[in-house]
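As structure tokens, the structure follows; a few thoughts come after it.
Chain IDs A, B, C, D and E follow the sequence of writing; residue 1 opens each chain.
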Amino acid sequence: MLEVRIKHAFQGFTLDVDFEAPTGVTALFGRSGAGKTSVAKAVAGVLHADEARVKVAGGAIDGLPVPRRRIGYVFQEPRLFPHMSVRNNLRYGMRGGAMGPIVEMLGIGDLLDRRPGALSGGEAQRVAIGRALLSQPRLLILDEPLAALDDARKAEILPYLERLRDDVGIPILYVSHSVAEIARLATTVVAMEAGRVMRVGPTAEVLSDPDVVPIIGVREAGALVEVTVAAHHDDGLTALTWSAGELLLPHVSQPVGARLRVRIEAQDIMLAASRPEGISALNVVPVTAIALRDGAGPGVIVQLRAGDDLLLARVTGRSAKAMALAPGWQGFAVVKSVAVAAGNIGSAG
Amino acid sequence: MLEVRIKHAFQGFTLDVDFEAPTGVTALFGRSGAGKTSVAKAVAGVLHADEARVKVAGGAIDGLPVPRRRIGYVFQEPRLFPHMSVRNNLRYGMRGGAMGPIVEMLGIGDLLDRRPGALSGGEAQRVAIGRALLSQPRLLILDEPLAALDDARKAEILPYLERLRDDVGIPILYVSHSVAEIARLATTVVAMEAGRVMRVGPTAEVLSDPDVVPIIGVREAGALVEVTVAAHHDDGLTALTWSAGELLLPHVSQPVGARLRVRIEAQDIMLAASRPEGISALNVVPVTAIALRDGAGPGVIVQLRAGDDLLLARVTGRSAKAMALAPGWQGFAVVKSVAVAAGNIGSAG
Amino acid sequence: MSGFLGPAEWEAVALSLRVALTATAFSLPLGIVVAYILARKRFFGHGLLNGLVHLPLILPPVVTGYLLLISFGPQAPLGSLLEAMGLGVAFRWTGAALAAAIMAFPLMVRAIRLSLEAVDPKLEETASTLGASRLRVFTTITLPLMAPGILTGTVLAFAKAMGEFGATITFVSNIPGQTRTVPSAIYAFLQVPGGEGAAWRLVVVSVVVAMGALLVSEIMARRVGKRIGRQDA
Amino acid sequence: MSGFLGPAEWEAVALSLRVALTATAFSLPLGIVVAYILARKRFFGHGLLNGLVHLPLILPPVVTGYLLLISFGPQAPLGSLLEAMGLGVAFRWTGAALAAAIMAFPLMVRAIRLSLEAVDPKLEETASTLGASRLRVFTTITLPLMAPGILTGTVLAFAKAMGEFGATITFVSNIPGQTRTVPSAIYAFLQVPGGEGAAWRLVVVSVVVAMGALLVSEIMARRVGKRIGRQDA
Amino acid sequence: EDVLVFAAASLAGPLDAVVADFERDTGHGVSVSYGGSSTLARQIEAGAPADLVLLANEDWMDQLENAALLEPETRRALLSNCLVLIGADGAAASFDTLAQDIGSERLALALTDAVPAGIYARAALEAQGHWDDVRAQVIETDNVRAALQLVALGAARYGIVYATDTAQEPRVTVLSEIPEATHPAITYPVALTPRGGEAAEALLQALTGPAARAIFTEAGFGVVAE
């Protein structure tokens, strides 16, 4: 549980935020200048907000001095200690535990004896992440930690964060502009605008809500569904079952029986009136249209029921007209298995 | 024309780079720590490389002192002058011209009287972009300028950069991890690894090269094709012609006759043995498979000929087997029109 | 207050103010230049220049005064040259200002240098990519960011100049209205039986003046700190 | 070199070194504390403390010496208390060190304060989020980043302590082996006709000593600068 | 016409009075620069524009005369002074038996190898055979007024200073006068410099005149007979 109530008046900007989120990853989402960093700083106590109530796992921390809050904070800028080697930066907040695995995961083993001044932008950011992780915090705050990193590096760090969330159970407050990252990590999404909370809810719900589409951007819209690993096939595909049947995905390194979360972007779903044959897409599910909502531009967002789950599909207005799409329409959704990105699979939160 | 030859030895890292790129946007692409920022700094003259030859538009600038190089440099960190208001930061390098349009494009009109210390991360980055743009540079260097920005903001800035490239003709050296940004902007891609150039070439060529896929990441693979705007339809779609026929896209705000570049991600192409009917995807083109390349995992990258253009498609091994995909295979590529992202459309460089 | 001090004492106070202000004002630009050279340039003779600047701090003030006397006295080559040019300083208030400036110089240079070394060279680099010449970079970026050190250096120099005694009396003697600064007057008062009262009155005045200067400088420092973003608004 | 100076002069040199080193070493921790308080705390009496610290700079040294005498002299309450505790300073080399320390204190505090004010509070903030107590933040982050100012303050204080004369002789007089520092000895030589030769020899020695200290400090400063990332490797 | 006088600091009080009278009587302006004799002498060597010199020490005057910086025929001893043993409140000692009387107390002197008052005092102590006994208890100051101050504050119990210093210092008692025979004569020489004009000459006259004589005597100085 994370409970946050913060009020603060900057000159020309007022922050007034109140939300509760269950254990797991809480994503702060919003445009530049929305107030995400300010909320994170107030939670950590480094911004002395006019009013701040913060509870982590039921315990109020707002009365504690900063060092006793035990918050691992990766700031938006790396903030490495310039007079210490990378190694000593990493060690600074360590409370026991080993440095090795985290250093390896972050690929900073060769940099340990360097001074921060001799690091690249992304290297510095990775060291900052390592330093926060090693402090064994009670709450982890990550302010755009992966912004300066390439995809390959992100792909190494994200699973680690998932493990923190699932195995270690550390609550995480995560600031990011990347819907893919949020979809993968977040249990709860807090959408902010101009210092206020616009929408709070479970990630699947918030991201499957056509009303939220304008906030997160049409191109990033998509639904989250929960699946169970059913089998690993010899050709490298993994079969997943969900309420609407079976999904085939590129190999998922989770044991059979594991429950996962899978994100299907609206633009990766194609609708067909009849089941298509002889195509390279492996996943075809029967669906019923529930709602249609015109987006900006010529696109239409269609909310679909597939089994017990909800999907979002984005089609052109022309197609919608041609196929006579309307609430109640029945047909098939074609999902290219490979279009379900690895980056969008996460363990169920 | 941009000609760069740089050698520099850091302790434990050697930079040895040599490339030429035509006018337009040259993207420096590579993993964290590959040496992108170092190349950019050496070009600007703020890193005194052991050896540096830099020619912009035929003129050698490596002998010039930094201020006379006239390079607008957006550093990886904002580097705003802390003792000046945002307005004076913007004015610092101004050589005439008006501030208004750029301020508006960047959405920083409300911040002009603030001190940099009172800006959010993304706001500071936008001011830094504005400051560089306003200096009317001979060469623009942008080191991950959009990393801290949300998609909506990016969507406002990218067209501006395109206009700089096309209308003003300022050469741009662009460092980014985002393939979408690079595909949209870059004329030339310089892929770097460990201080060396791995591959240089026109963006379309480099990004359509299955060999490059591992460098840029499977999920980001895709081909660029050149198209001409043929017609704007009433329902908001724009018809584009290309060597393989017609493509329908959400409205493209370019006049009929304009030549554009369109990116089609490998994962957005579905293959079908026969022309599929009754589906929501509007674009179906006959293709011939040229080459197949196994990717990491169960995916197969298929290079296809469509008209005179090359496409990349990513399918599962299972589908490839089921469809008996092999060089020479003939069939249809289904492209969801909306899967061709707005972010991937740019004017032809 | 005019009843508190006699006219001769007021004369000393006014002279001390003139001397201290002149010393501070004239040494400031040079102090900035020397601090810049010492902080940023590596050259043969760096150690020598640095040592020279510090000399007045190391030497007993009398020795400094004596060295000034044998360099700038009317008999010395340099002194007589200046004298011929109408710029003679020996036994004039300008000489008192010179002595004060030299004694205060190491304090000023050190403070400015310290601040200069804390200026982030990346900001200067950035300014130069924006087309700013070295001079413009210096005046628009380096100098404003050095402001705390300049302020501190100025205050230290002013205070030291107000208090300087040994070098001044040795170099320019103790001539009423010309070179009898407050410290020299205090010295003269302390030499005569019963002069303590007048001496203490002068001490009070110089403390009041200097505290005023300090207070003003603290207020300015706080403003400057805000301006250059060292404190949040 | 032992032929260069007589034994009495060597004694003065050794004493001056002892006095200057002691003065510097003891005032350093206090200087850091006072600089910290002045830089970071806002309280009633801030201006007063600041003024008090600067007083020795403003006052003619003789006055400072006199004030020390009436505070720490054997007859003064404070002085006699110290005397009774075996810590008497009057007319002892420890008194010379006290005088030197007090005269050097404003220089030291100002340098340290200047450096402290340039430390980025964000780094301290970051350290505290990593669980560091205030004390640990201070010792591991603030203090190392203040190093340039501490170094500068130390050098200034040492140089000033080596050169201090007026307050020292007024407070602790001039007792060979106890309080006859190099400046006192130089002064004595300069008082008699023909004493210049001996005076110059002492001047040379104190300049050599102080230049050595300066040089060492410059080298250390460069290292420190690199350590705290002010210069690129 | 303006006159610049360089004068030993210990003359400040009475000399100012004499000068004030002179200015009033003649309309000439007079500036007096007070300092230590060594400082003043060096300044004159360096070319100070003094018209009249009044030092506390014949040695420095000799040096100036040897350097031809004085008008030798104008040089004369103007004033004399004598030394006294002083004690802090309640102290009792006599110069004759100082070695015994002093016990473990401190004796404040001006620098015994540099400042005239100290040099004279040391000569007297040596002549009396006290020097070796007291030297460990001697504390020396840079000027004789500072020695007086130490006694006044009780920081030293005894001191030897000029008789002229003790006036207006109620916290010290004169315990004994020190016989003049025990030390070289303490005289204050005066002379015109070559730049001294008519006004300076007139001032020199006034200094030896009866009015001045009265003022100096009043302050405790002896006036040297011509």
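Here is the rule we go by: contacts are C-beta pairs under 8 Å (C-beta built on N, C-alpha and C of every residue); 3 or more make two chains touch, one makes a residue touch a chain.
Only a predicted model underlies this, so the values are computations on that prediction, with no experimental measurement involved.
Enquirer: By label order, what chains touch chain A and chain E together?
Expert: The common neighbours are D.
Enquirer: Imagine chain D is absent, with all remaining chains left in place, and give the connected groups that result.
Expert: one piece
Enquirer: In whole angstrom, what separates the CA-based centres of chain A and chain C?
Expert: Inter-chain centre distance comes to 61 Å.
Enquirer: With chain centres taken as the means of their Cα atoms, state the distance from chain B to chain E in Å.
Expert: 91
Enquirer: Whole-Å distance, chain C centre to chain D centre, using C-alpha means?
Expert: Measuring from centre to centre gives 20 Å for this pair.
Enquirer: Any idea how many Å lie between the Cα centroids of chain B and chain C?
Expert: 58
Enquirer: Where in chain B do residues touch at least two different other chains?
Expert: Residues 11, 118 of chain B touch two or more partner chains.
Enquirer: Send over the residues of chain C in touch with two or more other chains.
Expert: 62, 66, 187, 190, 233
Enquirer: Multi-chain contacts in chain E: which residues touch at least two other chains?
Expert: Not one residue of chain E touches more than one other chain, so the list is empty.
Enquirer: Which of the residues in chain E come into contact with chain D in the complex?
Expert: Touching chain D: residues 36, 38, 41, 59-60, 62-63, 106, 108, 111, 113-115, 138-142, 146, 149-150, 153-155 of chain E.
Enquirer: Show me the residue ranges of chain B that touch chain C in the complex, using the header's touch definition.
Expert: 44, 46, 65-73, 75, 79, 81-83, 92-93, 95, 115-118, 131-132, 135
Enquirer: For the complex, give me every residue of chain D touching chain E.
Expert: Chain D reaches chain E through residues 62, 66, 69-70, 73-75, 90-91, 169-170, 173-175, 184, 187-193, 195.
Enquirer: Can you list the residues on chain E that touch chain C in the complex?
Expert: Its residues touching chain C are 4, 6, 9-10, 12-13, 31-35, 39-40, 42-43, 45-49, 143, 145, 164-169, 219.
Enquirer: So in the complex, which bits of chain A are touching chain B?
Expert: Residue list for chain A touching chain B: 10-12, 30-33, 36-38, 76-77, 110, 114, 118, 120-123, 126, 143-144, 147-153, 177, 217, 219-220, 233, 235-237, 248, 250-251, 267-268, 270-274, 276-282, 297-299, 313-321, 323, 334, 336-339, 341-343.
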